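Following are the structures in question.
There are two complexes below, and they share subunit A, which is joined by subunit B in the first and by subunit C in the second.
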Partner chain A sequence: MQRFEFPRFEFVGRFARNRGALVGACLILVVALMAVFASVFFPTDPLRIVGLPELWPGEDPEFPLGTDSLGRDILSMIVHGARATLLIGLFASAVATIIGVGVGAIAGYFGGWVDEISMRVAELFQTIPNLIFVLTIVVILGSTLTNIVIAIGIVSWTPIARMTRAEFLSLRDREFVQACRSMGMSDLRIIVSEILPNALPPVIVLSSLVVAGAILFESAVSFLGLGDPNVASWGRLVGDGRQLIRSSWYICAIPGIAIMITVLCLNLVGDGLNDALNPKLRDR
Partner chain B sequence: MTIKVSRRVFGAGIVATGLVGTSGQSFAQGTPKRGGTLVATWGGGEPQACYVPAGGGSSPTFSSSKLFERLALRKMDGAFEGVLAESWKPSADFKSYTVKIRKGVKFHDGKDMTVDDVIYSVSEIWKKYAVASALTDFAGIESPDADTVVFKYNNPTPEFFFASTLCSPVAYIVPKHVYAGSDPVTNPANNAPIATGPWKFKEWVRGSHFEYVKNENYWKKDEPYLDRLIIRYVRDPAGRAAAMEAGDIHIGVFNPVAPPDIKRLTATGKFVATPKGYEEAVWSTTLECNMRNPVFAKREVRQAMFHAINREFIAKTVYYGYARPGTSPIYSPNKEFFTADTFKTGFDPKKAAALLDAAGFPKKADGKRFTLNLLAAGWFPENGKVGAYVKQVLEDVGVGINLTVPDRPSSIKRIYTDYDFDLAISNQANPSEPVPSTTQYFTTDGILKGVPFRNASGYSNPDVDKLVDRIKVETDPAKRKALVFEFQKITTQEAPLLPLVELESITLASTKVQNHSNDPNFLAASWGDLWLAS
Partner chain C sequence: MAGELVSPTPALRGSARRTAALRLLRRRLIQAVPLMLGVVIINFCLIQMAPGSFLELMTAENQVSDPATVALLRKTYGLDDPVWMQLLKYIWALLHFDFGFSYRQNMPVIQAIWIHLPATVLLMVSSIALAVSIGVAAGVVASMKVRTFWDSLVSIAAMFFYAAPSFWLGIMMIVLFSVKLGWLPVGGMMKIGGASSGTWAGVLDILRHLILPTLALGLFYAAIYTRVMRSSMLEVAQLDFVRTARAKGLSRNKVTIHHVLRNALLPVVTILGVQMGTVLAGSVVIESVFSWPGVGSLLFDSVSSRNYPVVLSIMVLGSLVVIAANIAVDLIYMWLDPRIEIR
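== the complex of A and B ==
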């Protein structure tokens, strides 16, 4: 019986061989630390008006990254925004992965009409432009953090479902699965404890990319003014600064760079995970 | 952004060349030059139809007012002037008005305009759609001879009120031969109007622009000066700024570009910016308390909300100084009815806290007295910023706030249909005449579920209702003014809804454009007198 072993040191070694991935992982770690310790560095509400509006970075040492059009500290909003942005990315990716793996596993394992229906439903979701679908859901459900997470999860699950289904299709008739069947194992147990662990590596790579995609979706939603106004997020800061792009461009640029770096790093990490988890590509 | 049918906003712009405004600044010089094409835009989107009989907001008002004409208009100096009416006078009991109609006016299709068109427009369009809320006392219209009509009312009707009705932006005279027998709302002519104004409709390229051409048979000699008028729609303020900078658009009304761009463009010396031309359509940003929430039962609680807010800060920071603190539901540019002698709810957080303590809402263990849902209507981006500020200052006095900033349709539904808010930040635009556009936010008959821009707070006070009824029928101008002053005193003290700031709308124009901003509602003026200097 083949068992999925999490290849600990070997995995780290393979991951670290991809220099880009290592840099990406380090920067993500920094962003994550920012998110965790945001309230330590900036104990007050980041959306509080604390200074003069539109102070340029460096103009007032109290606000190293300047203030926005209302006089809120941009550094504080970036640090607190890391929390909202990462949380949205992780939870949306979790929602998408749970739906995607669930649907994909059932479709791939059982095949037949279950597969037909699930894949037609997935296609239905794929034919709707993602961003418009997210905006529609957020407008209908209301702009709260939870709803944004759900909306992004709902549009992002299809590639994961297709990937999981493909893995299941190739694994479900292997000898070890047949052995399990002949032992009388239940379908659920075969799916969860036998096939799934072997199907997971490519799914994990895809999920890490969905985190990056979710951050971009959230930025777009906030940019269009449909984000949760009670939460400081990077996209919202870009959206607020849009009107002032000709005069105070730093309001857009600073959170824009933060989004760009984070998404780039997540993609690099995704590449690294791919290298580490896909032994076939190990020495490409 | 089109927000409200400001039904009783008057003004049109067939005012003679070179009319000098109150500040002495005029955007006209020398003798008018003929010919040329003027490209205009405004700070909002494309309308749903070129002409909407019920008004439909500022966007169709802007596009239709260049084609259609009203019976009268109000000039910059406050005087009323006949357009398609030559004169009007009340009967001794003020229950009827005799209006002389202008002769020799032709529609764009060559047919003569007659009293039949006026009677049709008033009874079928005005009464049912355009100015319905101003004609609740209207009893009918008849014509004793070929150039006279008589408006009849059930109650005495003040002269200022009557003239204001004639000047309402969408109180147009429409051709009976085009509209009779059809549903005016869905008549295809609404998208290719036939009217009497200085401009003739040529085409509408959807998503881009309207093209209007000179009406060669216009009744006012010499006008229009220009050959063509293009109204272009650009979605984004930054895009409008770029188009104006490139010389593609000559004039933008109603805040076409973001405030920092106003400063940047006027600094080049090629553009002028002016707050003139909005005196009869003053916009404000308002805060209203939902009376359905029992915490607002005591008026001290409502006053406390306003005491917590620094209106100067909002005017200076959110609106870059293009706003002034609001003190009364009647706005300060209103020469007829504004009074500074009102109940004051100025910035005083300590007083706000004391009022809330006294009203029986002390701070609880978590530092909060109670928590409210604050809805900032998302049709203007500034409203969201005002919302963020109001949240902060109310939390400072111990009121927990949940802020939402829904988009336009959701905001309208939640404020005016579902009443799903505790505090709402919205906007309104009002003309000088307070009835009904200002008063309907406070009277019981203004509580109309599903009708936007009415009494959404649910405030109902027999004293205010009686007072407004007296304002409606008081024909002595001095006594009427005193009643409106009283109305302002009561409403500012009761504080169900008050303006936070009065907005200063801006027109940005190339220095080549002459004769603009010469009408107290310039957006809804006919623009026959505009010309382009070389």
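== the complex of A and C ==
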């Protein structure tokens, strides 16, 4: 059973030569470490009042990013918020990837009417305006973290399904698949253990871009005040600071910059992976 | 979806083209029916999945408890019928533009949406116009000066606007242009007690209020179009017919504008149609930031007050808009490139 051997070292080299992608990957690593070790850096509850309200960044060395309207440490809230924001992004992307790969694999492998119906369903989900769909799901089923993650996953799976389908279409008639079929291997086993590993690399790239989109979605939902009330994600911090833009606009600005940098870096990494996987397209 | 490319056929002319367009339109309209049905069924499933009965959802807003009213509503919405019957009735009602009644606005849902529609359409049209003009211009500049300072500048700007959350961008622009500089209004659509919208002063007032929301919503899409346009220009510029045009002795600028640009626009048109829904969805957030009195504000208000009939109707009508936009895009596509036969 021939497997497509991935030229790993060449791939890493190509990725590392892309300066933007490298910087993006490093910054993502910093954000991820922040998220993992949030309670080590800031052991106290980030939502506890620790100082004077509305201290500007740099005004008090104890609070490098200042304090909000209640006197909570903004740096601590950003570090803890990184965990919420990244986890929501990752899980939503995972939900989207599972649905997308499932639908795309079945559509591409079986073809015919299965394919036709799957693609119509994908079209249906692309038709409903995404954020409106998310808001509707969240408002009807409740603003819990699980519902938000699932809702974002439901509106984000279609590109992954299309990509997976295209990969399956191009792989399903290759010799190694025909060999498996002639050996009497079941469809499920061929899909999961033979075609899928070969179809995955471009799908993973797309998933990393879906994480960026999911973070933007979540921040919009939280900003509108419909996020999980127990989770202080970055979007919610922007929303909380909104009332004070006349006097203390930094309360709004800082979490927004955090969102922007994270999304920017995820996009850079996604682009870098894409270029490294498809060297022919690099100059576009 | 727009533009599945089939092998090029000779360009159609005159009446043949019109017939082809009509045939396409008819096929697209027929395809839209199951799509719309799907949206309605998803909608219906959401109602069924909601905790509590449909009736409780409908009346949750203003706590209707009068037994006579509740009985009437039960009968109107056929809650004692089997589920499939309820679905049929729901579809039947929607076909007659009966989207239910909004107690909060004290008017039929469709009327509440209709009142808020013009503001949203204005915001969407201006944002899309801004996004397309900036995106196309920046993409053309970047592709003509590829790998220079200008190319990098455009790419970096596009990257930033692609990553910035639109609501945050909006707030930051309010801080800069409204609070600090005092150039533009903080929000709303017109000055309270100002000139009426029928006069020139009124129109100018609305335009002044429109600038910041348009930028906040449009710059994200401008970033997308810039990237698409740049790569599309570079791709088309390598095709044979461009070399032929250059070989004929046409100047580089002339070739770029007359030959490359027109063909490079096709992907932008496609994305425009696909993204109509996301622009509509994006306007929900932007309208909330700028207190813009459109459908987005209505949706936000309805979501906060759990006014389900309005929320669900906006979802159905929003999908309808997307379908219509996609059909329009296919027709524009055909007009831009007569060789393309769209399935």
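The rule is short, and it goes like this: the second predicted complex is superposed on the first by the 272 of 284 C-alpha atoms of A that agree within 3 Å, B and C clash if a C-alpha of one lies under 4 Å from a C-alpha of the other, contacts with A are read in each partner's own complex, and residues count from 1 in each chain.
Keep this in mind: a contact is a pair of C-beta atoms (placed from the backbone, for glycine too) under 8 Å apart; a residue touches a chain by one contact, two chains touch by 3 or more.
All values reported here derive from a predicted model rather than from experimental measurement.
After the alignment on subunit A, I want to confirm one thing: do subunit B and subunit C clash, or do they fit together?
With subunit A aligned, subunit B runs into subunit C, so clash.
In the superposed arrangement, which partner chain does A:Thr136 touch: subunit B (first), subunit C (second), both, or neither?
second
Which of the two, subunit B or subunit C, is in touch with more residues of subunit A?
Ranking subunit B and subunit C by residues of subunit A touched puts C first.
Could you look at A:Phe110 and tell me whether it touches subunit B, subunit C, both or neither (first, second, both, neither)?
Neither: A:Phe110 stays clear of subunit B and subunit C.
After superposition on the shared chain, which partner residues are touched by A:Gly225: those of subunit B (first), subunit C (second), both, or neither?
both
So in the superposed three-chain picture, is A:Gly71 touching just subunit B, just subunit C, both, or none of them (first/second/both/neither)?
In the superposition, A:Gly71 contacts subunit B only.
Applying the touch criterion given at the start, work out whether A:Phe176 contacts subunit B, subunit C, both or neither, answering first, second, both or neither.
Touch status of A:Phe176: no partner.
Tell me which partner A:Leu47 touches in the superposition: subunit B (first), subunit C (second), both or neither.
first
Report for A:Arg120: first if it touches subunit B alone, second if subunit C alone, otherwise both or neither.
After superposing on A, A:Arg120 lies in contact with subunit C but is clear of subunit B.
Pick one for A:Gln243: touches subunit B only (first), subunit C only (second), both, or neither.
Only subunit B is touched by A:Gln243; subunit C is not.
Identify the residues of subunit A that lie in both the subunit B contact region and the subunit C contact region.
Subunit A residues touching both partners: 139, 142, 225-226, 242, 245-246.
Can you name the residues of subunit A that touch subunit C in the complex?
120-121, 123-124, 126-133, 135-137, 139-142, 212, 216, 219-220, 223-226, 235, 238, 242, 245-246, 249, 252-253, 256, 259-261, 263-264, 267-268, 283-284
Mind pulling up the subunit B residues that touch subunit A in the complex?
Residues 237-238, 241, 258, 260-261, 264, 317-318, 376, 378, 381, 384-385, 387-389, 391-392, 402-407, 410.
Could you please specify the touching residues of subunit A with respect to subunit B in the complex?
Those in contact with subunit B are residues 45, 47-49, 53, 69-71, 139, 142-143, 225-226, 229-230, 240, 242-248.
Enumerate the contact residues on subunit C facing subunit A in the complex.
1, 34-35, 38-39, 42, 46-47, 49-51, 57, 159-160, 162-168, 171-172, 174-175, 179, 231, 234-235, 274, 277-278, 280-282, 284-285, 288, 299-300, 303-304, 306, 308, 311-312, 314-315, 318-319, 322-323
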